[in-house]
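Just dropping this structure here.
Order of writing sets the chain letters: A, B, C and D. Residues in each chain are counted from 1.
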Amino acid sequence: MPKLHITVDPTRPVEEQKEVIQNRWHPDIPAIADVKPGDDFIVECLDWTAGQVRNDESAEDIRNMDLSPNHHLTSPIYVEGAEPGDLLVVDILDLGPHPKRNWGYTGIFSKCNGGGFLTDHFPHAHKAIWDFNGVYATSRHIPGVRIPNIAHPGILGTAPSQKLLEKWNERERKLIAKDPERVPPLALPPEPKNAILGSLKPGSGEFDRIAKEAARTIPPRENGGNRDIKNLTRGAKAYLPVYVPGAKLTVGDLHFTQGDGEITFCGAIEMAGWIHLHVEVIKDGMNKYNISHPMFVPSAIEPRFSKYIVFEGYSVDEEGNQHYLDTHVAYRQACLQAIEYLKGFGYSGEEAYTILGTAPIEGRISSVVDIPNACCTLWLPVDIFDFDIMPNDDGPKHVIKGGNLPKAL
Amino acid sequence: MPKLHITVDPTRPVEEQKEVIQNRWHPDIPAIADVKPGDDFIVECLDWTAGQVRNDESAEDIRNMDLSPNHHLTSPIYVEGAEPGDLLVVDILDLGPHPKRNWGYTGIFSKCNGGGFLTDHFPHAHKAIWDFNGVYATSRHIPGVRIPNIAHPGILGTAPSQKLLEKWNERERKLIAKDPERVPPLALPPEPKNAILGSLKPGSGEFDRIAKEAARTIPPRENGGNRDIKNLTRGAKAYLPVYVPGAKLTVGDLHFTQGDGEITFCGAIEMAGWIHLHVEVIKDGMNKYNISHPMFVPSAIEPRFSKYIVFEGYSVDEEGNQHYLDTHVAYRQACLQAIEYLKGFGYSGEEAYTILGTAPIEGRISSVVDIPNACCTLWLPVDIFDFDIMPNDDGPKHVIKGGNLPKAL
Amino acid sequence: MPKLHITVDPTRPVEEQKEVIQNRWHPDIPAIADVKPGDDFIVECLDWTAGQVRNDESAEDIRNMDLSPNHHLTSPIYVEGAEPGDLLVVDILDLGPHPKRNWGYTGIFSKCNGGGFLTDHFPHAHKAIWDFNGVYATSRHIPGVRIPNIAHPGILGTAPSQKLLEKWNERERKLIAKDPERVPPLALPPEPKNAILGSLKPGSGEFDRIAKEAARTIPPRENGGNRDIKNLTRGAKAYLPVYVPGAKLTVGDLHFTQGDGEITFCGAIEMAGWIHLHVEVIKDGMNKYNISHPMFVPSAIEPRFSKYIVFEGYSVDEEGNQHYLDTHVAYRQACLQAIEYLKGFGYSGEEAYTILGTAPIEGRISSVVDIPNACCTLWLPVDIFDFDIMPNDDGPKHVIKGGNLPKAL
Amino acid sequence: MPKLHITVDPTRPVEEQKEVIQNRWHPDIPAIADVKPGDDFIVECLDWTAGQVRNDESAEDIRNMDLSPNHHLTSPIYVEGAEPGDLLVVDILDLGPHPKRNWGYTGIFSKCNGGGFLTDHFPHAHKAIWDFNGVYATSRHIPGVRIPNIAHPGILGTAPSQKLLEKWNERERKLIAKDPERVPPLALPPEPKNAILGSLKPGSGEFDRIAKEAARTIPPRENGGNRDIKNLTRGAKAYLPVYVPGAKLTVGDLHFTQGDGEITFCGAIEMAGWIHLHVEVIKDGMNKYNISHPMFVPSAIEPRFSKYIVFEGYSVDEEGNQHYLDTHVAYRQACLQAIEYLKGFGYSGEEAYTILGTAPIEGRISSVVDIPNACCTLWLPVDIFDFDIMPNDDGPKHVIKGGNLPKAL
């Protein structure tokens, strides 16, 4: 039996949650619960925006979202006996949508507010609402596709030490300084506005100090964090470096599914939900295994497909400029090839983009030494479609009526 | 029955091959054979270096290799009826090592001559010789590992049109111009020295013109070419854009296996061999499917594993500098994590690097929107090792005696 | 949103359930709910025995169980528009343990009460209690093994027509007549004692007629029923023949996992739980597809393994008698081989038997024409064990302390 | 490099083969070659009939085949140091069609000469010729299907001891005695006619003794032998009990593919070919692992599919008679269901039967305790067909023109 069950109510605002919320990384954010190695426990989670996105027919909520309070995390949890240098072993025993919210969403964020991997091609805000039907998600906004569950926590991490935190802030500041006015920004510095630090109350000196220092939760870092790896699904086992006493495990930002890359930024099917975890500790594990980053062992219970269409991209950009082994550019080209292909079956570009963000596509770095072109491949499982998308002599036989995604006016 | 069987003898030098060889891309290189849609045929191939690497205990051959005559390709083949705008559909029916050469090699190229994905970490030349035992490769230089076959052609492509060729040369010249003295170079311009253009004889005006214009075969481009995608293995179906009448299909650079990325540059297990292909044509297929790049459908007969250790890397480089969603840096970090892990089991860094280059690892772009850190993952199949490499409470139990790779003095 | 949610309380006896229960097959058992094609709905289910098995350290409950009231099914459900000759298409959207009972059990039934596939080898009653930890089940009674979820309904079927029912009763009566006193029996005739017929009340003439005619729910038949196919798991799609207006869909006997064969009789991990279904109808589908039996399309979300030890059995029995292409005998031999193998690692025979009943082993008919020996194979996934069970030069390295299964005194 | 390469010429009759042939099991058949543990070697093999089946348009050869000289095996091979009680570990490194014969065949044997699993339904002789195109087989006799290679030796075994041989003969004689006149027979006793015993010459006393005692090669037995397990494909590792000094390994009866059950008797795609093996010995392995039968570890390089239609059968026979947990009857019903389904797409019954015999279908014993009905399932991979065979609302959309199998007049 789970030793602990932390609850939230996704139908109520953050302020009314019984449990305290965390939306920054800092060693001094107080733990909300204690567990021992060998324990398992359940954590309920708000969706990453804490309900800012509505189940309706407009993307105004996406367009105008205040990103500063995200992600909303019902954590951290103190693991007794875990010490810096250990590896925290986290079994993801199961997870699912919150009983009170049987739907999720995918957002294409505006270039002016968040952006995304293809923001220059799709600069305007759109969204798709997905209904959960057991292990499948379908959307009234995207016909012809049914996406199998590969639920996972976008965020799973431990607290940084003060020293590690300072390293993060320093290196990210330097990056921002290269182009401080860029839209979307290169990185996000600590932001006291809308910081939520668990049981610490705004106004106290401690709160103000931490809020000024605490790292944003957007990127993954040496503590894990917002890795957005779809394969951290039920049955997987994660190994996380420990940097502070008690490890201070944080989890949240649950996704029903996601494609490799999570390319629309809010590209997964975002959901409020629950996650069931089990923890162990490998003493001195970072040293025993020469590990400075998280690693994991995937689950035998992932969805598996045998039939894919694989699209290729190389590191030549849309204007024809040649880049040097740039896998970012190469994967973007593979995505654009896939989108053009799907448009041939009637989907709008935004719909195709959303499918690639949410379906369990694989994004692979196939070759990265053949100067000057890296080759990245995008693996699209064909059996998620209700109709045949394989190429043949005649061209697309079945064409759907696309263009249904809600947008911001 | 195959309509055609083109032979080579890997025990003899290029000059003594009966069949003409091609080592550049150009629309005017004469075809060496004609086939019709519906035909299947076998092409034997020299290894990419045409025998420059010896089965011995020194990496001098890697260190001092003249790269300008590579790759050596027994092509092109004219497909009757194929016209610009069509898709050439190539079934890879089977492939294997050449009957006269039952071994292959992997090279870590010197930073001064070729380099590789981790050349700053491994700047010196090394090599490993692999013996083929049916579907497994083992190396006297790398204990404890047996690698299952996922043979594929590094190069599979069609000839560029003159216009496309000019576009390539132009964009690559611009890149080179950014740092013309860089070692290793950013890209390789046309190089008349050591050009081999099939039946065209050096000294003729036609030869000289083409040799000056023809693109090198190192990078993949819109015609396919040196994609180095391990999944183009037996049973896969490739779709290639056609740019010239007859498509002029080129194939070669066969690999016994390779990991995603082919990270040591000559990172696959390189081999001389044969490949059995079948061709069809989808008329006007580029237009019917909005396709401007190759795509493929993978095979049901790939090696499949269920147990992996997955290493993660983010876009912070080895000096701690923060990059912006740089998947190249992120995958490099994942590779370095895996190498450190394997070193804990006794492998030298070069051995671990070679294992990652040759074993059927998967390299995935897991997330690429969480500014500023991309997250790439490296999937290492644990069952290729003779001993247990899974993490446990005690640290590595079995440690091999590493450090056996031949090197250049 | 599910159109319907039928609830049960597994902590209370059958008599106190709000919903009516069915434990026999008959066309005239009244439906407990109506749905339309396109609807999805949730049905909660008691375990097949309705709570007769306790979470304790004795197998007396198994030994003395009254089998006549099993299985307990919260059904049938009327599907509007379904008519005889149609195919009912049932998507198994998801299923899981009941929130009020986070454990399950496996029983080895006594030869005198139920028996099992190896009852002559294991004639006494034993049981194992399993705790559910998300997608894994572990047992305090069986060390060293963790079994991944492949939950499925043991029973999924439609109501027989009166004519089909009579055919069943007739053919089964004939079989029983061949050896009416056999223990365990060859088949079970209609049994009015303990019949539960939904809203029909005992004592009425209608109840008595139906109770006398109604078929037991133990075997699978042309309507589906108790097929005990582990692959009917979340994500699978079942096609069921329709024999009566409204199809009268029945579901229950949920299993957390099961091995092919369900060899200990109550060999799955039996649980109380819930299942989420979606229904469609293919009009005249039996005729369109020449179908007279159920069929299904499996799920992409099954647990998948790549590493197995495969045991073989042929149709020579334990006494050395030769049978003719008898796959029943052959599979029994394969099971016995696997049990002996596992005993070498310290398990008692009963523990090994239970592992084979519950783990997702595969049981295959590998060849059935090589007179006189059929060859059946049992595929045991090695990664369910905490320790290494692969053969090597030295024999078993790790041996567990077996013999922990509760038994009947 | 292989230590040994044993050759045959499939274009010549048995009498003209350079290597001696074996077609019976007996401890005293002389070995044709010696190898050491750690060696690998290649054995070329005639097809099982040694060329009795022609690549033509008549099944007269199948109808009138003399079965007594089958199988033709280029063996046995002596493994130095192997002793009774050891386990012989055989790695199947690779195998393929003979370079001189790029086609294979499947036979439906007449009920009067061999029969097959469904001989009462298909009593007449038919055959199909298959062309090998790399890893795919296609047949001019069966449109619409392309079958991926899962090549394997039908026969892989060690020699029996004299005592084990006598046990076989005794138990099989007893079975035959139950119905000695049955057609097809229940089993085949030793048959001196057409016995081939390697280097022993007919007429010698030794030859006559052995020919009278030697067991036929049709069934699998405790030594392995004709197991016809499709999964013993390239990359698999077999463990064989050793009963005589040197183990006397025998291999042959190569198949290009086969479905579970090999249901048409000569149901695989039979071929002449070569096989590359590696041997090791586990001393006293039968005792260390409690093993009395062969076992194996399957290959990571099997063809894998994710999309199947699964047909079910229960143990009620075609006349409606109820059998007791009879998996033989149940699997036959599943096969018949699949055949009826495929007939709806235009195939003749014989064509559908042949597809099930040759395609990599899976045959599973799904449940075998639900008295009186066993449930067997047949898994048909849909992606082997050129057209869509999934069920839908409309019935089969594409229908091929069937009825093309050559038959005996």
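The rule is simple: a residue touches a chain if its C-beta (ideal position, glycine included) is under 8 Å from a C-beta of that chain, and two chains touch if they have at least 3 such contacts.
Note that the coordinates shown come from a computational prediction; the quantities given were computed from them, not determined experimentally.
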Farthest CA centroid from chain C: chain B
Angle of the C-alpha superposing rotation, chain B to chain C, to the nearest 5 degrees
180
Could you see whether C-D or A-C has the larger number of C-beta contact pairs?
C-D
Gap in Å, rounded to a whole number, between the CA centres of chain D and chain A:
50
Where chain C and chain D are represented by their mean Cα positions, the distance between them in whole Å
32
So how far apart, in whole Å, are chain A and chain C when each is placed at the average of its C-alpha atoms?
39
Residues of chain A that touch at least two other chains are 300, 304-307, 383
Within their complex, state which residues of chain B touch chain D.
1, 40, 91-94, 102, 131, 133-136, 148-149, 234-235, 276, 278, 299-305, 383
Interface with chain C, chain D side, in the complex: residues 87, 116-117, 167, 171-172, 174-175, 184-188, 218-222, 226-231, 239, 260-265, 267, 282-283, 285, 288-298, 300, 306-314, 316, 320-328, 331, 333-334, 337, 340-341, 343-344, 362-377, 379, 390-396
Touching chain A in the complex, chain D uses residues 304-307, 383, 388
